[in-house]
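The following pair of complexes shares a single chain, chain A, combined with chain B in the former and chain C in the latter.
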Partner chain A sequence: MSTSLRNNRVPLLAGLAAALLCAAIALTFFYAPVDEDGLNQKIFYFHVPIALTAYACFGWGAWKGLLHLWKGKPGADLESYVAIHLGVIFGAMTLITGSIWAKVSWGHWWLWSEKQLVLFLVLFLFYSAYFMLRFSVEPGPQRANLSSVYAIFGVVLIPVSFLAIRLANQYIHPIAFNRNGPQMAGSQFFTFCVCLAAMLALFAALYNFELAGKRLDARLRELRELLT
Partner chain B sequence: MSRYLSDVAVLARKDLRLELRARNTVPAMLLFVVAALVVFHFALPEGSSDLAAKGLLWVAIVFTALLGLTRAFVAEREQRLIDGLLLAPCDRSAIWLAKSLSVLGFLVVAELVALPAFALFFSGIDGATVAGVALADLGICAVGTVLAAMAVAGRARELLLPLLFLPLAIPIVIGGVGASVAAEPARYLGFLALYDAVFAIISWASFEYVVTE
Partner chain C sequence: MSSEEKYVAAAYLVVFGVVLLYFVIMALKVSRLEREVGELADLARKQRHG
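Let's look at the complex of A and B:
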């Protein structure tokens, strides 16, 4: 467990994320062709990778929670918390970019027939309550257990909610919009993959950065207690 | 196995006996659900469809369950009953199962009043709605009991439970409303059964970690 910023992976990951993000932006605007939806389709290259990264964050958080409960791995609870914290940030960005896309494409800021967007709203509410739970319990083994169990409930909720929202669309709304309209060309798919890699690298860099900060914090507190 | 079930029966009987003596929870749930239905009558504008009323029935059920769940672990925390339960030589998941069953009992009593009251105030209720309510009750109690045990560990308690519970209850509401209003309720009932099975298993497996340190 390294606490120093110098001898861990943060600078490397941050550099990788910056390079990939620059490449992603360049590819999106100068390489990928403008398709029949026009320029607003470009948000696809950010919205979808951000959404997939948010899923990855939630999955990673639940995996760390499972490791905490199952193996009692020290520090796994903190890692789970950091992953979910970033997941909520990426989730909020998904909601914002999705909302902008819906406004530009269909003229409404919010559409209940957009299944992924509704799913993200449910997940956003669920994981926001995670913070309420975590910060209302005293730090200690019980808080770690509760947070881990809640994180695992979250990954189970994702497919269940997705199924429920798909069912709901059949009685609330007809399915009016199909995003798979235009087939993705090879160049578009390549751009998409680079954007996804960039977002995942950004997540990895932020994850390690926040984790290093939190560990430094904990170490400082220990030293202060030793001094007093 | 029979040992496990007898543990569950003893623990559930303890909750029912406490309720029979103190009468804290069930009367409150009954009054709340009837009051909520009256409020909903005035909340719906004149000439609203029966479908809207059916949707509100589900709101009433979820919030009534929430009221019961908020009370579920109060004695365990306030009187430190939970320490005694954890010392008892029984599986920790038996505590979850017993508590879920007693909450389920309270909720069913509340619904035995709520559903006829709904039929009286709004519109008739068909078999699919009753089946949907029964299946939803299982899921609500299974998930709600774990979350109630989580919520009492925190400082916020009563404030925390609705925040934890409502996002998890959204699929139940979707399945339940679908079962009451759709022409073919079978797939919604199937979804509710799936929800019950999935969340009962992970609640059963994870409850031990919620109550122990």
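Let's look at the complex of A and C:
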């Protein structure tokens, strides 16, 4: 894809993300009803989409890592790195918003007995350690290969973390979706879908924005080497 | 403001705070790249004339 096409995508995605985020906030506070959990339930509309976006970031990072190892696609390693970087940011937001929700609902910031929480923390720490590995190796093919392998290994934790709540014996963490579909009113589900679309659009905009910056940085480095 | 409202506001502020921080970091990076482009343009000009 040409550079101009890539650059045109950033403002478009940023505009889409901004519009969807405004719609998501309006729907959360003025459209979705307050259920028996009280106002605290409003955190769900951002917390769950952020967590799902974090999974998507890690999954996308692993896919790009696979493309790098399998087909040697140029730039796939950088794309994998940017996706994982954003995944860690979304992961941190998941942990913080989840802790705030837990404090109100359970009276605790964190419960070590909750498998869903601990497995998400393991996933978050696993991908946080990705940066230690990446920056401890000199830039080059070896670093790209090691980073890609690490990104792919981490993806195994995603379904485990996602299904942990269903594998757990104690259902302390609420289950919004089960085999019978979403366990919420139609208006709540619609709001949730808009929030999820907003978070995915935000990820797409930030991903393309950061990637454009990294590519520009690499090109400037090349130019500097040519001129000096 | 009730305690529940404060927690909900805190959760939303955290999300927007993190996104804002990300934009500040990226803006600093863009200004560094802009400065580097200026330096390289000066260097290219000097090489052309020298």
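Here is the rule we go by: the second predicted complex is superposed on the first by the 194 of 228 C-alpha atoms of A that agree within 3 Å, B and C clash if a C-alpha of one lies under 4 Å from a C-alpha of the other, contacts with A are read in each partner's own complex, and residues count from 1 in each chain.
To be clear about the criterion, contacts are C-beta pairs under 8 Å (C-beta built on N, C-alpha and C of every residue); 3 or more make two chains touch, one makes a residue touch a chain.
Worth saying up front: this structure is predicted, and the values here are computed from it rather than measured.
J.: Does chain B (first) or chain C (second) touch A:L111, or do both, or does neither?
T.: In the superposition, A:L111 touches no partner, neither chain B nor chain C.
J.: Report for A:L13: first if it touches chain B alone, second if chain C alone, otherwise both or neither.
T.: neither
J.: Check whether A:Y150 is in contact with chain B, with chain C, with both or with neither, and answer first, second, both or neither.
T.: After superposing on A, A:Y150 lies in contact with chain B but is clear of chain C.
J.: A:E210 in the overlay: touching chain B, chain C, both, or neither? Say first, second, both or neither.
T.: second
J.: Would you sort A:L220 into first (chain B), second (chain C), both or neither based on which partner it touches?
T.: So A:L220 only meets chain C here.
J.: Can A:I50 be said to touch chain B (first), chain C (second), both, or neither?
T.: In the superposition, A:I50 contacts chain C only.
J.: With both complexes overlaid on chain A, does A:A92 touch chain B (first), chain C (second), both or neither?
T.: A:A92: touches chain C, not chain B.
J.: Residue overlap on chain A between the chain B contact set and the chain C contact set?
T.: Touching chain B and chain C on chain A: no residues.
J.: Which residues of chain A touch chain C in the complex?
T.: 25, 38-40, 42-43, 46-47, 50, 89, 92-93, 96-97, 100-101, 103-104, 202, 206, 209-210, 213, 216-217, 220, 223-224, 227-228
J.: For the complex, which residues does chain B have touching chain A?
T.: Checking each residue of chain B against chain A gives 143, 146, 150-151, 153-156, 160, 163-164, 166-168, 170-171, 174-175, 177-178, 181-182, 187-188, 191, 194-195, 198-199, 202, 206, 209-210, 212-213.
J.: Can you check the complex and tell me which residues of chain A touch chain B?
T.: It is residues 69, 122-123, 125-126, 128-129, 132-133, 136-137, 140-142, 145-146, 148-150, 152-153, 156-157, 160-161, 163-165, 167-168, 170-171 of chain A that touch chain B.
J.: Within their complex, state which residues of chain C touch chain A.
T.: Residues 2-5, 7-8, 10-12, 14-15, 18-19, 22, 26, 29-30, 33, 36-37, 40, 43-44, 47.
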